[in-house]
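There are two complexes below, and they share subunit A, which is joined by subunit B in the first and by subunit C in the second.
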Partner chain A sequence: MDKILRINMSAAGGPTQSTEKAGEFAALGGRATTSTIVGNEVPPDCHPLSADNKLVIAPGMLSGTAAAISGRISVGCKSPLTGGIKESNAGGQAAQVLARLGYAAVIIEGIPEGDDLYKIHINKDRVEISVDNSNKLLDNYPLIEKLQKEYGDKVAYMSIGSAGERLMASASIACTDPELRPTRHCGRGGVGAVMGSKKIKVIILDDAGCKNRPPQDAERFKTANRAFVEGIRKHPVSGEGLPAYGTNVLTNVLNEAGGYPTNNFKTGQFEGGTKISGESLAELEISRGGKATHGCHRGCVIQCSGIYNDKDGKYLTKQPEYETVWSHGGHCGISDLDTIATLDYWDDNVGVDTIEMGVAIGVAMDGGLLEFGDGVGAINLLRDEVAKGTPLGRILGGGAGMTGKAFGVTRVPVVKNQALPAYDPRTVQGIGVTYATSTQGADHTAGYAVATNILKVGGDVDPLKPEGQIELSRNLQIATTAIDSTGLCLFIAFPILDQPETFQSMLDLLGGFYGIEMTGDDVAALGQKVLTLERKFNKDAGFGPEDDRLPSFFQTEKLPPHNLTFGVTDEELDQLYNWD
Partner chain B sequence: MAEKQSLRVVAPLEQLSAFFLLLQQGVWLQAQIGCSVASLLTEQFNIEEKYIVERITTMFLDFKPIDDLETTYVKDGSTLALSSAMPGLVGTTMRRGSHLAAMRGEISYQNQQQVVSGAGRIKIKLFNMVMTELGARFLAHGVCLTNGELDTLLSEMDDSFWQSIEFASVDDQQVDYTSLVNRVRTGITDEEILLKVEFTS
Partner chain C sequence: MQVNVKLFASFQTGRFKQEFRDYPDQTQIGTVVRELNIPEEEVGILLLNAVHAKLDQPLSDGDLLAIFPLVGGG
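After this line comes the complex of A and B, so read on.
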């Protein structure tokens, strides 16, 4: 990854391209790369859909190597949903292919004049930017099917559906999986709308003739990779629970804990939870000839995804994630897996974030548009309104915050205008701290790297002291930011939490590849540096302490069954970034 | 008080999945209450301590995550949910003795009160790997279902289940599927029956 591709869509006479040396970014990746470039090059006060915003795409530090589970790709920009800095990452094949092509980043600048729609084809010999208006308003599934006739099935695609072209603030960028299905999405924050604003429909990544990136110390790297894989496979979460049931294995546990937000955050338990649990989902998938175990990219050894077939045994969608099952399920009072899977298909096809869209529909239900539990109505909203770009569809596609305003709803679960994920912060107070203070808006993955005890970021915390919640969230966010830069899937957090030798093998992977010695302190320092940069961008974009808050109903409405409110004070929240 | 009717079913182990939804929703079991969770699991349900330590790493008693099994006591009518290790920040937070336990704040099981000992019953919920590994054991122990719940269970079972079962009886009298359904549907909806399922490998 020794070069950066810069594409200027505003250039007179049509888009231009240039290649520059990667410099400091040659040994960076993922979120560290996207946030550094956005922080350095994008005016924080620009309109996210203007020519001043930039779309930055970066594979992780270990992408394109033989390292297991290293296929996360990051997309960064100023978010049209939050108005702050955004890094949104996904699995799929794109990271591996882009890294093998040698690019540390692709930076897309400007906006072309006129209404033409472009595609970008990148292979080892050239970059071709061309007009293809035949793709206009095609959604992701038919688009990829069409493109395969031209570019074949040995490439990776990054595309937007009609939601991205219509500049909806919940629009995603789809990345194809090994079967070339557009199922893995950089979902959060409206990155698809930024791609749409630049009139780019699809990026075709072709690494024919390219090889894996070679490590500096091949033997050390190989040994570390073997130990890393072994550690992932032997751990009960990454080696058993996730492969068997996927992330939706969490539904029963969250429901039992009373932390499963139901009917737009009115209660913490959903009566229909067991019907849509990961256990029930896996049984159904297997009984219909689908798969309960499937990788989102080649080289994944966890395989937490799956294939969901319809009643006739035909492919309907990939296995919906826990957050999707929740947003379209319990949040909307829907307990039918076929309905949820159909909504997941439409999310992927139209190209919208499943969390934002599900929460928006639930908020609209609270506003009286539909009854909670109306699965047919929910599908109609997505298929007939959002997918067709009707005024109602554009409101829903604008996200939960916009939907709440349109329907006069006071209980709108957003932070920095981004919808809360599937964990109620009144039950799990610590995650509320992360929702409130993350630079990204409400995001469960912003503080996900649970191995803070091993990373030793910020020292050890006494788990029995509630006041440790701020410190825990801070440490989690620092650690996660660093992991987000490696290209490794966040699910490695569980084996590295419990197995010190697996954590060491991760450091050895990085060290063996780059020929350096890495310690936990280095990982933590990287995370803190990136967070500082993101925080500065948001400050310059106009964010202040008042934006690091949960919606007030979390402090005033008690959540059954525990009947708790969110108890962390504003003063405590303001202590999170204690280093800037 | 009249003895409950007893439904005994002998089925091949591959049919365990027919009970997965029921096991997730929870089944009532007769037990000696007033003991610790550790005692309940090891002494009454014969689950090895090693298995509990290594596999049942997440537990909830009455919707509250448990950390110490020795000092947490079950009372009559309690609900005990058993799960293996979970992914995610919150999944990790819910683990027994998690170093992130502070993040769950007030919902952790605390403040033990004296509980009455004696015969009673508890609801057991089984999730994920624990469900597949312990489901047969709890079903063999015997679970209490109302006629209404049994009717729902029978309705959700497909034909292959009844074609594969080796034996079924109510109070030692052999029954077929049709007569069992008739018996359940003509019974009082809230009346309970003790279901015991023996799985053959």
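After this line comes the complex of A and C, so read on.
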């Protein structure tokens, strides 16, 4: 990854391209690369949908190598949803292909004049930026089907659906999986709207004729990779639970623990939880000839996904993730898997974040638009309003915060205007700290305290008490920021938190690849460095301590069954970035 | 006394999902786990009435005990 591709969509006479040396970014990747470039080049006070914003795409440090499970791709920009810095990452094939093509990053800047819609085709010999208005307002599934006739099935696609073209703040960028389904999304923060604002419908990545990136120290790298895979396979979470039941194995756990936000964060337990649990989902998938185990990219050794067929055994969508099953399920009082899977399909097709969209629909239910539990109504909202860009669809597509305002709802679960995921911060207090303080807005992946609070992986901190949560969230946010830069899937956190030898093999993978010595301190230093610059961007964009807070109802409304409020004080939250 | 026992994920295989089971008073959680032939080292999460519990905790009539292997997601 020795070069950076820069595309200027504003140039007079049409988009221009240039290639520059990767410099410091040759040995960086993922979130470290996107956030550094956004921090260096994007004015923090710019409008996110203006020509001043940039869309930065970066594979991870180990993407495009033989390292297992290294296929995460990061997309960065100023977020149209939060107004702060954004890094949104996804699986799929794109990271591996872009890295093998040799790019440490693709930077897209400016906005073209006129209404033409562009596509970008990158292969080993050239980059072609061309107008193709025949793709206008196509959603992701028909778009990819159409493009395959032109570019074939040996490439990776990154695309936006109609939501991205309509500049909705919940719009995602879809990345295709190994079978070319547009199911792996850079979902959070409206990155799809930024791509849409630059009039780019799709990026086609073709690595024909390219090889895996070679390690500096081949023997050390190979040995480390073997130990790394062994460590992932022997840990019960990554070796057994995730492959068999997927991420949705968490529905029963959170529901039994009383931390499953139900009917827009009114209670912590959902009566229909078991019906939509990972156990029920896997059983249904297998009975319909789908798959309960499937990898989102080649080289994945966990395979936490699956294939969901409809009643007739026909492909409907990929296995909906825990967060999706919650946002469209318990959060909306819906306990029917076919309804949730249909909503998941429409999210992927239109190209919106499943968390933001599900939470927005639940908030609208709280505002009286629909009854909680109205699955048919929820599908209609997505298929007939959001997908068609009606005024109501644009309100929902603007996210949970906008929907709350439109319907006069006081219980609006957002931080920095980004919707909360599937863990109630009153029952899982550590994740509440992450929601409140993350540079990204409410984001469970930013510092997954659920592991230590609820799952008892990587230690044991009581989820019901405020004690110890700041330190826990701080350490996890630092480590996660570094992992998000490697291109490795975050689910390696389960084995590396519990097994010191697997953590060491990850350091050896990085060290063997780059021919350096890596220590745990180096990982922490990288994480802190990136968080510091993300936080500076947000500060310059106008964020202050008052933005590092949960909505006030978490302090005033007690959540059954534990009847607790969020107990971490504002003063404590302000201590999270204690090195800054 | 009667305890509402729920099993999850791989622990359901060859056992059950939910049963109301009778035990002598003060039976410890570990005794229930052993009786169900679940190796103690495979137990990941124990929730007694929605609160994390340990194997040596005694049970009371009407308790809800949820037993999970080590699982994760996100």
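The rule is simple: the second predicted complex is superposed on the first by the 561 of 580 C-alpha atoms of A that agree within 3 Å, B and C clash if a C-alpha of one lies under 4 Å from a C-alpha of the other, contacts with A are read in each partner's own complex, and residues count from 1 in each chain.
To be clear about the criterion, contacts are C-beta pairs under 8 Å (C-beta built on N, C-alpha and C of every residue); 3 or more make two chains touch, one makes a residue touch a chain.
Computed from a predicted structure; not experimentally measured.
After overlaying the two complexes on the shared chain, residue contacts for A:A163 are found with neither subunit B nor subunit C. Residue contacts after overlaying the shared chain place A:I361 against neither subunit B nor subunit C.
Greater residue coverage of subunit A by touch, when subunit B is weighed against subunit C, goes to B.
Judged by the touch definition given at the top, the superposed model places A:L564 against subunit B, while subunit C stays out of reach. After overlaying the two complexes on the shared chain, residue contacts for A:Y448 are found with subunit B and with subunit C alike. Contacts of A:I200 after superposition on the shared chain: neither subunit B nor subunit C is touched. By the touch criterion defined above, A:N248 lies against subunit C but remains apart from subunit B after alignment on the C-alpha atoms of chain A. Using the contact criterion defined above for the overlaid structures, shared-chain residue A:L526 touches neither subunit B nor subunit C, since it reaches no partner.
236-238, 240-242, 244-245, 247, 249-250, 252-253, 256-258, 269, 274, 278-279, 304, 322, 444, 448, 450, 462-464, 491, 494, 561-562 are the residues of subunit A that lie in the contact sets of both subunit B and subunit C, per the superposition on chain A.
Those residues of subunit B that touch subunit A in the shared complex are 17, 20-21, 24-25, 55, 57-58, 60, 63-65, 81, 83-94, 98-107, 125, 127-129, 131. On the subunit A side of its complex with subunit B, the touching residues are 236-238, 240-242, 244-245, 247, 249-250, 252-254, 256-259, 269, 274-275, 277-280, 283, 304, 322, 423, 427-431, 434, 444, 447-448, 450, 452-453, 461-466, 468-469, 472-473, 476, 491, 493-494, 497, 561-562, 564, 567. Subunit C contributes residues 6, 8-10, 12, 17, 42, 44-45, 47, 50-52, 66, 68-74 to its touches with subunit A in the complex.
Across the interface of their complex, subunit C is touched by residues 235-238, 240-242, 244-250, 252-253, 256-258, 269, 274, 278-279, 304, 321-323, 444-445, 448, 450-451, 454-457, 462-464, 490-491, 494, 561-562 of subunit A.
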